[in-house]
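Consider the two complexes below, in which chain A is the common component and chain B and chain C are the respective partners.
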Partner chain A sequence: MLRRVNWPAVALITPAVIALLAVGIYPLLFVLDVSLRQYQLTKPYLGTDYVGLQNYLSVLNDGLFWGSLGRTALFFLLAVPAEVVLGTLIALFVDGTRCRLCSAVLRVMLVLPIAMTPTVTGLIGRLLFNRDFGLVNYLLSLVGVEPIAWLGEPEPAMITIALMDIWQWTPFVALVMLSGLALVPQDVRESGHLDAGYGWHFFRNIQMPYLLPGLTAVLILRTVDILKLFDMVFVLTRGGPGVSTELVSVYIQRVGFRIFDMGVASAQAILLLVLCIVLSRAYVRFFYRQIEA
Partner chain B sequence: MATLSSSSAKPLSTHHAPWMSHIALVLQAVAALALAILILLPVLWMVTTSLKTTVDTFAIPPVLVFKPTLEHYEALRAEGAVFRGLLNSLIVASASTLLSIALGAPAAYVLARFNFKGKADLWFWIISNRFISPIVVALPFFLVARNLQLLDSHLALVLVYLTFGVPLVVWLCVDQFRAVPTEVDEAARVDGANLWQTFFRINLPLAAPGIAVAGILTFIASWNELLFALVLTRAAARTVPVEAANFMTGFGIRWGPMMATGTLIVLPVLIFALIASRSLVRGLTIGAVK
Partner chain C sequence: MQLSRLSIKLSSAFALGSLVLAACATPPATPAPTQPPAAPPAQGGTTQQTGEWSLAKAAEPYRGTSIKCVFLDRPGYRAAIQLLPEFESITGIDVQWETMPYENSREKQVLDFTGQTGNYDCILIDVVWIGEFASSGWVVPLEKFYKDPALADPKLNLEGFFPILLESFGTWNGVIYGLPFDNYSGVLFYNRCMLEEAGFKEPPKTWQELKDVYGPALTKDGKYAFALQSRRGETQSADSFMRMIWPFGGSLLDENFEPNLSSEKSLAGLRFRQELMKYMPPDIVEWDHDETVQALAQGKVAMITEWSAFNAYFTDPTTSKITDCIGYAVEPAGPAGPKPALGGFSLGVSAFSSPEKQAATWLFIQWITSEEKAKDYIRAGGVSGRMSAYEDEELRKQYPYFEPLVVSWKEYGNPIFRPRFPEWPAISELIAQTGTEMMLGRISVEEGAKLLDQQIREILDKAGYYSGKKPKLQ
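Let's look at the complex of A and B:
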């Protein structure tokens, strides 16, 4: 069967496709090519010959790379569960409160941290967590805690970047959960209150099924965004002290643009891309199976 | 506030005595206030620090009432770099937003209106750019831009920002065009309009508010971007987040000018975010929800 091609429609969609091929796919092919080469910008005399999978092998044997992935996982575990729990609680509060003014004002406020420039979030972190005059140490001093060198010690630095991430992204979780709660039909809500009261049972049996798709979305996006996370951490700690807060994207940036080993950095970037795809696929499979079951 | 209690919808605790529900309402208002303070405090702390003298900045306990000064903003204006950065950011973010709309809106219209083989795959491919880490794109883009002498140019940034701008516009605008009834298209066709006329003269104006929101979100994303700007610019095209990050290098942090820069960066973003607040979450969940 011959299909008639709708040329005007093709003409409308083609520019976007060409643009994304040029700025999306071409760089991917390029980075794949570079990842198979010796490519050190600071040593041009070495040339840029193909070296097979050598870059990948050196990445897989690179303790710093695995370390950066481990730190990224730790950061995820520090930030995301807190964001999910707090965000869900905030959503339940905003959805359930009888104070309509509170609900309306909070819905507006929750938008602000999400839109904040992450670079500026990092600057604010520097200010609030400053050892000598930061607000956090001052508030802690009121309850008798000695000043903490938040950005000078490995563990406190990790906690600092996690806290700033929690500040910025808990409202996002809350708003996603709120849009889930808005889908609970009014009659289900009312009969649910009769059957299950107002506490845990109502949440577990009536509201939670409507929150699961949002939870999946949040986990996918937070995973991907934490694997991407660069700006806030770069400004707040530069990965330091030492490499204690050097998350994977910060590390790849250092290898690529401060050590200028493009071959190895490209291999790391490819591995990161594969990880992103595998994880988001896994989430979708796991959670949608849960929902359908 | 307390007067709208008993009969109105969504009671949390109708089975208690009325005075108890009034107390509950007050407690809820207190909780809401605490939450609002927690959300706003970091931003307010930055803004007030930008208006404090250096002496007040280092004061312990922190001074809450002080005579505001614009000295740090004056210093930034005298030095020029941050204001040049703001201008560069404005140029790059506006251009990449307009280009993203010009490319993305027609594509979204076709995806919303036509069925063709491979449509789902094409749509998924466009959206999947959301999942690609910018460092993956930054490495090759840097090498290509270096070869083409495009480092430190607005153009390189405008082009690389399409990697998130076009998917975002497509994602948001497909919804917009789906909301325009197909009867409108059919009526236009009966009147002899071709597809382009139907799109440009009828659908585009009808979807304009939604496209504007998509534009605002693309602008925010471009304005906020640091990694590409850090890697692809040197001096002339440096955007304002890069200028802000540069305060962290060298000895002795200049807190006042740094916080003034932060304030100048987020001011337009926060205003835009409030305008587009209802679509912000939709924009951010690109690709992860139906």
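Let's look at the complex of A and C:
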């Protein structure tokens, strides 16, 4: 027996589906198509013929691509664990404080860094970490530390971009964790305190299970964010000095918009998309198991 | 055709937004035309032929037309913006502009050309883009306008531009595509007071002298003798890397169009740069124009080699502490003599604008680069490409940097300081990367030069220069 079509529901959903197809699916298919072609924007005389998987092979054999991916992984390892730890500590503090005003003010303050555009974050970083005029070196000089060329040496430059990312995104992690903590039922909380006190055991056994879904979301979003992180790094270091802060998105931008090789840039983008999907699936599988356990 | 273009444009826009991997959207595929569109109708031509030419009469058919220019946030553009109202009141043409960072200006214009969107009418052409823009048919040969009596000011006088500027920024393969607008020569800016305190009556005449004599004497108490802007990007490849190669007799390519960075003379220049770093701020590889100019203006550095266009920063008391101490000289000489950096921008007309907009754009370009407006442009902070402006005694007194500037353009100018062929942007990217790694000591000068030679040859070979498909034009 045929079910009756719910036309009002179809009418309500259709615009959203069309929008999704237009801004999500069609461009993805377009980029997939371009990644299979020779597509050099500034050399139209070369044509745009299909070249099979040649662009993908050239990406996989490109040492610079792998190097930039390695630096992106290093950046992730520097930034995200620090953001998770600090964000969780802030969330626990805000959740546990009895001062309602402090809690309200802190919540507003947490939104401010997230609301800042990455370009402005990069510009602030350039001022803060300037070797001669920057606030960071000034503060360090008060305790006798010699000026550090934060942006002029490879390792300090990587630390600088990680610090700016931590500054901007720790509040986001804190807000997500805070929403997780708010889910702990009052009766569970009270009986937890009776059984486990207020310390580590209470956090580990009562609060942490409620934080894991948020942590999964944080990991997925931060992974995706870091793989596409461009503006802040470009303004702060332009990928330099040398290639020391050239993350994968900065490299793709260079291939796409400096050399205008859209075929190769699109292949790189598709490979990153695949990487994002694989990592996201891994996070979900691993952390949801933890919850079930 | 229209539909397919539209769909392609939409695709590229959406690709940017929706793909998580933001940096690699795919703009349109529509090939650029090999020939620019047909010339605009010489509207009003008959009227002009009967009477004396005037800007107001020539602009009559285009009154109410709106054109858009690509500008940078630099003194020459601010000067043009100051003068714009006069042009608009005479002609009734509305001149809009979009100020963008240099780093994005080529990208934005190329996307505009390849999408054939015609967003920009008045095109900014860097000396190193002229080959790409002209050979791709993205800008209109200007003879279309200056040979049209309705549009050409009888006082246009193309010979009145410094020949090296018109040749470098404006001409490709013998055809003029742009008129010199924002004109630079590298100049040695120095803090006369710092030099005098250290016992020097004049600036160094050679790079060797700068390093061996001035360097040790002026590098002390947290101050440095010299700063060479070397941030990764065109700043590294043009302002730092190429600046050191030429005075030592080196070059990017030799007379046979073969990469030449591994030659002894090129290597000598690059080794010299490494030695000179002892007298530069430690984080110099992250210094762009802004940091370098500020360091001199704030008295942290004694000497810099920078574009003449930055002079306004040193003479303005709101941006400079050394207004009474600023001095100017031709860039120091190397074993091959003085080889000051040459750079700058011309203004051209987009091949994708409507005929009316093209004509209106031409009238603006002709006016802003004219001999008549050259002195006003200089007084507003610009650097004109007109020879006559620099003969004015009053201006010469007011702007002492004129002398090294004019000498550099007339006597030492090198039109291929950076090659202007379309492959330069790709080569520049490689030099920017390996050049900074050389400065950081992550790769030796010799290995870096060898690597770059290989990469440059590969690019030129792929482009068809060695197979004879392309003429060996720089």
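Note that the second predicted complex is superposed on the first by the 292 of 293 C-alpha atoms of A that agree within 3 Å, B and C clash if a C-alpha of one lies under 4 Å from a C-alpha of the other, contacts with A are read in each partner's own complex, and residues count from 1 in each chain.
By our rule, contacts are C-beta pairs under 8 Å (C-beta built on N, C-alpha and C of every residue); 3 or more make two chains touch, one makes a residue touch a chain.
The structure displayed is predicted, hence computed values, not measured ones.
Once chain A of one complex is fitted onto chain A of the other, the partner contacts of A:124 are limited to chain B, with no touch recorded for chain C. Once chain A of one complex is fitted onto chain A of the other, the partner contacts of A:272 extend to both chain B and chain C.
Once the two complexes are overlaid on the shared chain, A:98 sits against chain B while remaining clear of chain C.
When both complexes are overlaid on chain A, the residue A:106 reaches chain B alone and has no touch with chain C. Of the two partner chains, chain B is the only one that A:13 touches; chain C does not reach it. Counting the residues of chain A touched by each of chain B and chain C gives the higher count for B. In the superposed pair of complexes, A:240 makes contact with chain C only, with no contact to chain B. In the overlay built on the shared chain, the residue A:30 is in contact with chain B and with chain C. Within the superposed three-chain model, A:220 lies in touch with chain B and out of touch with chain C [touch as defined at top]. Shared-chain residue A:73: touches no atom of chain B or chain C. In the superposition on the C-alpha atoms of chain A, the part of chain A touched by chain B in one complex and by chain C in the other spans residues 22-24, 26-28, 30-31, 34, 132, 224, 227-228, 230, 238, 249, 252-253, 256-257, 262, 265-266, 269, 272-273, 276. Put simply, chain A touches chain C in their complex at residues 22-24, 26-28, 30-31, 34, 39, 41-42, 44-45, 48, 131-132, 149-154, 157, 224, 227-228, 230, 237-243, 249-250, 252-260, 262, 265-266, 268-269, 272-273, 276. Within the complex formed with chain A, the residues of chain C that make contact are 11-12, 14-27, 29-32, 34, 103, 107, 110, 114, 132, 136, 231-233, 281-287, 295, 300, 422, 425-426, 429, 433, 436-437, 439-440, 442. If you check the complex, the residues on chain A that touch chain B are 6, 8-9, 11-13, 15-17, 19-20, 22-24, 26-28, 30-31, 34, 90, 93, 96-103, 105-124, 126-128, 132-133, 135, 138, 167, 171-172, 175-176, 179, 198, 213-214, 216-217, 220-221, 224, 227-228, 230-231, 234-235, 238, 249, 252-253, 256-257, 262, 265-266, 269-270, 272-273, 276-277, 280. Per the touch definition, chain B reaches chain A in the complex via residues 1, 4-5, 8, 10-13, 21, 24-25, 28-29, 31-33, 35-36, 38-43, 45-46, 49, 57-62, 102-104, 106-107, 109-111, 113-114, 122, 125-126, 129-144, 159-160, 162-163, 166-167, 170, 194-196, 199, 220, 223-227, 230-231, 241, 244-245, 247-248, 253, 255, 258-259, 261-262, 265-266, 269-270, 272-274, 277, 280-281, 284-285, 288-290.
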